[in-house]
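Each of the next two complexes has chain A plus one more chain, namely chain B in the first and chain C in the second.
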Partner chain A sequence: MSKADKNYDSDKSESEDEQQNGRVSNKGRKSDDNEGYTWEGEYQRSWDIVQEDAEGSLIGVIAGLINAGKRKRLLRDTTPLRRGIIRHMVLVLDLSSAMEERDFHHKRFELQIKYAVEFVMEYFEQNPISQLSIIGVKDGIAQRISDLHGNPQSHIQKLKSLRECNGSFSLQNALEMARASLSHIASHGTREVLIIFGSIFSSDPGDIFRTVDALVSDQIRVQIVGLAAEVAICREICDRTNSSSTNAYGVVLSEQHFRELLMESTIPPATNSSKTADSSLVMMGFPSKVIEQLPSLCTCHSLPSRGGFHCPRCRAKVCTLPIECPSCKLVLILSTHLARSYHHLFPLKNWIDLPWSAKPTSSHCFACQVPFPKASEASDQDQAASSMRFECPSCKLHFCIDCDIFAHEQLHECFGCQCSDN
Partner chain B sequence: MEDFSTLKQPTGAWEASEEASDTPSLLVVILDANPASWYSLSKRIPVSKVLADINVFLNAHLAFHHDNRVAVLASHYNKVEYLYPKPETEETVPLLDSAKEANTYRKFREVDDFVLTGMRRLMHSTSSISKKTLMSGALSRALAYINQVQNQKYIRSRIVIFSLTGDVALQYIPTMNCIFCAQKKNIPISICNIAGGTLFLEQAADATGGIYLKVDNPNGLLQHLMMTLFPDQNLRKHLNTPNQANVDFRATCFCHKNVLDIGFVCSVCLSIYCEPREFCSTCQTKFTPSTLSKRKFS
Partner chain C sequence: MKFYIDDLPVLFPYPRIYPEQYQYMCDLKHSLDAGGAALLEMPSGTGKTISLLSLIISYQSHYPEHRKLIYCSRTMSEIDKALAELKRLMQYRTSQLGYEEPFLGLGLSSRKNLCLHPSVRREKNGNVVDARCRSMTAGFVKEQKQAGMDVQLCDFHENLEDLEPHSLVPNGVWTLDDITDYGTKHVRCPYFTVRRMLPFCNVIIYSYHYLLDPKIAERVSKELSKDCIVVFDEAHNIDNVCIESLSIDLTDSSLRKATRGVQALEQKVNEVKQSDAKKLQDEYQKLVSGLQGANTASDEEQFMSNPVLPEDLLQEAVPGNIRRAEHFVAFLKRFVEYLKTRMKVLHVIAETPTSFLQHVKDLTFIDAKPLRFCAERLNSLVRALQIAAVDDFQSLQQVATFATLVSTYERGFVLILEPFETENATVPNPILHFSCLDAAIAIKPVFDRFRSVIITSGTLSPLDMYPKMLQFNSVIQESYGMSLARNCFLPMVITRGGDQVSISSKFEARNDPSVVRNYGNILIEYSKIVPDGLVAFFPSYLYLESIVSSWQSMGILDEVWKYKLILVETPDPHETTLALETYRAACSNGRGAVLLSVARGKVSEGVDFDHHYGRAVIMFGIPYQYTESRILKARLEFLRDTYQIREADFLTFDAMRHAAQCLGRVLRGKDDHGIMVLADKRYGRSDKRTKLPKWIQQYITEGATNLSTDMSIALSKKFLRSMAQPFTTADQEGISWWSFEDLQSHQKKSLKMKTAETEKHDEEMDIDMT
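Presenting the complex of A and B:
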């Protein structure tokens, strides 16, 4: 009887413990809701997610995790917004001693240069008629690394020749130099500054809030990518200069996140509704290619070549496009350069992930012919789970997840809508 | 020591060429199946002869390396179909001529049968005459197929288009998107233009590093194919391939469809006009007169 009592007691104490644990964890979550810190709540056991199936293998679980990762691809807002296509951006690099830290792969400085090179290439690919200038801040002084122009190769060469980091960072000097570079830009182009901010302080010669006021009146938008921690002045600058969005300031969590934050800036920004008065017709030239018998010098680099493009207004020969004609300052482009920006203006709609409850009948992906998983006969199949079929709302055809990612990130076209006669 | 360095060089070149010829490649062929264009071609040369030449070209690609793969798409005026490979649920196509079956290599037989019966089926199923073809749809499906194959294991790929019909203006933006995607993935798009003329596909070949071949006399089609379009990217640098001297990249204005040297581009929607105007017809933006007055077109 005493044993039974003991058992009974121990059972009761277990249930009490569970209740107490439940209460503790509830309290932890509640304090999270009330702006508590994550270390004050219950700890999370991330290894519980991975569970073995009946035979003790992990294959199905791993495949499920990979698919869940693919589906978590950012579903961007696909409303066609008015965007600034002709962009003028100043990239500010941090060359202060804070970049000598080794918390990223080798040093922060090397990672910054590597991602800056990738950023330059992606920026000119997505925005071929735009221009970029690069500024570096070292020893509290801002130095111009490359001028505002549209040739990616010379930017990359200058980036690769940077060597050392020293001194402290100065936000005000960087912003003032950027403002001076962007002051003569016509109103139909965007004016942007992207700062990579590795330290947590800034040594400024004067009142930075005056600089921020000047930036706002010049309609310059500033985006900052922080590498260390969130700094209040950066938040202030980004919120005041970007009146429409609050995610202009980001602090990196990992190397991958750093790259993602940088690449977000390659997408043309949405224009404010107040800026519609600034749109205008820009005169541009569309030269045709010529091949000559004898080599001649090009006006842009003074290098001999046997072919090139003739400016339609002044007949000067240039060797690469897009470029501003060195003689008459006409913007020379090919129609393909304009076509590169169309997918920003007419984005592809997101596709709907079909659950099993929609009873889909398709057997193969329309685009690549990969077979879809069949509906199993068992009645306990989760009706709300995804059937790995993605439907386009316009043409109602089904695609697999790889084609979904391919269409939305690389091709920007729906295969089904293009293959139907409408 | 200098003598030894010259001995090293030939082995280096040998290794490089061996690597180039040992890797398999994927060829995706897009056939323009617009029946009206084939009919006008049949006045010059029978359709069966042209299809036979194309089949020999496909077989030669398969014969070049054991792991070479091929895929064929047909672009009709209202749909795009995979002729080869067919998904398993479709009924297997009956063989055309059983007498030849025993002596032909099985892979060649499959491809030939599927292509010929598929084209025949498409031609018979035509219900109306139309002058267009869904080239952008076929290109996008070809790119999806290549993407899916490359996800499993990387294989060098290229696309060859047999075009007979002209351009469809509405397909300009989708075709451009496909071209930029192929450029990024290093997939050359080569064009064999048997009849008609097409401007978008010329730009495609130029932008992706492919070859644009205009065939004047379809009787010699096989010769053209084997000499020019058959070698893939690695072998092309050792051969003299035809290049395009005069690709016309000039734009046409949205209002009159004139070809322009100098145009006015709306900064919001990128539509091109031949003369300054007060508002953009595509996006309804009003242009301020102060900026317009500076734009005197001399």
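Presenting the complex of A and C:
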């Protein structure tokens, strides 16, 4: 490798680490540049990152950077696990004065609301038959912002109406309130609490350790996203309420990382098989869409409408799905909703990044027919480097990076496996 | 893990080893081979104790000499920790070797901690416990009992008498708790069990004082053989321990008590003279034949022992004028009265022992020679009179010790009489300080007597100061860095506040409102960003009080109060213990707390702030000693004249070792993390910084040596965030944590380098030859 390449590599690894590997790797990480006031942070010398190649052209380098960005996709653990896809989560927002801090480019508060909205959307996208409730903590008191239900729009509306933050945070109050709203949930649903913790302390009215004991006995999982630093009590709460996973407590490095940490919680958690081994049947209704001649009142909003869904049990009309039937409490859902949660249970396997040394079996991407880069372009030394081809381990077909990302992020299916006969 | 250092097989009870632990063991082994003194500085929390123990135990069992290990530590809790480590090590060795080695490891503490006697153990004061214990265990008490007198004996002690003297406890490692449990079960005194087993055990773990303080050492550590391995752990304050063990303060009230003691003694002498004159006659005869002859009685029941070091002890007979009991009592009376008149002076006096003795002679016609025998003579008299309740005589004992010391040593001591407590006081409260200036006096016999002496601590820098001060030549002087997989601590120097005004605890500047405000701002800012525990150190109680009161009026404390509880260390140990408990509770439950403490206080020396108990430590100012102190001035002068150590050098050295000690409190291991802030302009200068231990220096980047408050806050925030990222032990492997394979490859590499070096050297030699 030439000297220039080496420079390029070392520079890149620094800037990339912070962006992509967020919390995947820790080795050699320098702290990140996107925080503090811009003038307090260290210089980000973009011209050092970009190096000309041998011919003085920047094209190859830029393409490399773009591809590196694409490869950011987290390589997830793909072992099929039993996961609870009927989730019940309480999202706790920090509305204490610590959120006035401007250590990111925006106020922490604004960032929190922005990402909370994104989180709510993503959460219901990934877990359509789940429910959410939102609690805010202000002046040491926990206030319910929205009740436990499954309508993202109303959550988002409530979130957007939040304006001010004041006083201090109280972990105990928040957890007690969350516990109260989760304790009646049936055993087939998960009980989760996600806390955005912007302060570094918590003023509690009583002994928090008793609350933690209660959480453990109620099997409520608590995940915490800290915005400033590691707080011992948070670490303890997370360690004790999450039996297996170790990454329940994360502290953000940058805005980007904040978002990543939040989005991680949209994946349904693996159920602790030993405790909830008894499989229970859940009654669900699959209504079909109806279009009526004359408008009638819906049971959910009491507004006249012509379209909607009839509950198969009591014939009540609702306008959106999924929902719990307001009159007979049956869970109403579409089969596509169930299917959407399905990929969490059987995730698509990670595709293998092939080196140049691997024998080419096709010259084009199987899905989009984009030609692969030619092997001759690569020098001999780079045999082990990525050739930008990705192989599905089951159908052995090769794909380009864009198709890889599309299949894993959106489709959750492999093009090749779907096309093959068996 | 089992590996070899040269030819020595070392059994290390963990599957992985830190690189610095390996280095430390290698150097330790070489110094043991060579004999002599070694000075080793190793970062706190990198497993110093276990490396030390595992190497030395392996050394003991591999070589036929079976050299005994004497391990001296500072506090009870450290002794206990070391014993627990030793126990684990021995369990590992047994499991590895497949058989149990004949091994005895014991820890010794004071009677107060070990006593089991139902009424004695309830006493709070250590001296009272000692005295009451002696009154029940001394040999003559037993004789009295046998003679049919009504005296109380201690059952726990009596039960020991029936046993074989060398097998009071079975083999094994006995922690202090173990031995008291054993004692309770078998009704045996743990203190005397340990004392009597000392000559038979392989490892002894006890406090410095048992070796350094001549008053105790003579009794406890006399029988230890020459090739013992002596280790002083946490030895950064060893010079002060040496000095304190030979210094005495006399006050008005202690002299008054001494007078009462003399009177009681006189009464007793008269009583005995009438009832049992033979006893005194016997004693007189003994004294004629020489002091050592009088010393035949079992020494563990002695009332007090001679404070003078063994080689200075005179082998001759006690001078005639104090041989008779009544003469000696009169002599003591005269001496105490003389001291009382000296105390009446209303101006400060500093003089040497020689001039003091001259003055004594002029006024009272007391010679130096009888004074020298004072301690021994008092001891012998008390023994002869069979006085059991010796606690009445404590002050008298102090005076006698003083008399002996002042007449024995001409150099290295100073007498300072301070009639007033503070400069502005008008009511005299005189104190006579008899102060030792030369730390080498107390430690010299240790170096002379034992073949290997290891001095080790987390903070010994600058290393060359200790050999100068303690007068020894070290075979190995080494300071180890700290290998880290991530930079888990962040040392920073803040030289100016947010308003760019430089900050300093210099005497002229320390009460300047801008400095006080800037210090306050540092505290506010750090209490905002540091989670859980935050510890702040101040140079002195005086400064702490003054700055806290001005912070109160400036509203700074109110601001800090919003984020954290504020707790303050006070000179009262009970209050401080309470404050520490509250502090720890607040750190654990997420409330967070600030502890304001003093660099030379209890907190800075003995208390660890590991993990969330201390995420940051702020050192406000440089903890210089109070330079107006006359004792310090005398010591500085002595050091300059005798050992050519400049005053400024010594003061900086002393201040920096305390600062380092404070900083080290926050980091107790490689999985811990913490911020270290040095808030004073003067830390920016390299002459101060280079005196910090190597492992701290190593991580002070050039950019972090001259920061303003806001810059340091930005750095700290970033640091705290990156430290909160998941970090597993797997990340450390190979870098800061070696498995057996890593170790082997390292050994191979260093061997190769060594051979290459010798070859090169040989070649050079050849060239020289031709």
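Going forward, the second predicted complex is superposed on the first by the 357 of 422 C-alpha atoms of A that agree within 3 Å, B and C clash if a C-alpha of one lies under 4 Å from a C-alpha of the other, contacts with A are read in each partner's own complex, and residues count from 1 in each chain.
As a working rule, a contact is a pair of C-beta atoms (placed from the backbone, for glycine too) under 8 Å apart; a residue touches a chain by one contact, two chains touch by 3 or more.
The structure presented is a predicted model; accordingly, all values stated were derived computationally and were not measured.
With both complexes placed on chain A, chain A has more residues touched by B than by the other of chain B and chain C. Of the two partner chains, chain C is the only one touched by A:Leu171; chain B is not. After overlaying the two complexes on the shared chain, residue contacts for A:Ile200 are found with chain C alone; chain B is out of touch. Look at A:Ser288: by the touch rule set out above, it reaches chain B but stays clear of chain C. In the superposed pair of complexes, A:Leu253 makes contact with chain C only, with no contact to chain B. When the shared chain is aligned, no partner comes close enough to touch A:Ser265: not chain B, not chain C.
The residues of chain A shared by its contacts with chain B and with chain C come to none at all. Put simply, chain B touches chain A in their complex at residues 77-80, 82, 85, 87-89, 134, 136-138, 140-141, 143-145, 147-148, 151, 171-174, 176-181, 184-185, 203, 207, 245-251, 260-270, 272-273, 276-277, 283, 285, 287-288, 291-292, 295, 297. Across the interface of their complex, chain C is touched by residues 23, 26-27, 29, 31-32, 35-37, 40-41, 103, 168, 171, 200-204, 207-209, 226, 228-234, 246-247, 250-253 of chain A. By the touch criterion stated above, chain A contacts chain B in their complex at residues 82, 85-86, 125, 186-189, 271, 276-289, 291, 312-313, 330, 334-336, 338-343, 345-346, 363-364, 366-371, 400, 402-403, 406-407, 410-413, 415, 418-421. Chain C meets chain A in the complex at residues 485-486, 528-532, 562-564, 587-592, 611-612, 615, 710-711, 714, 717-727, 731.
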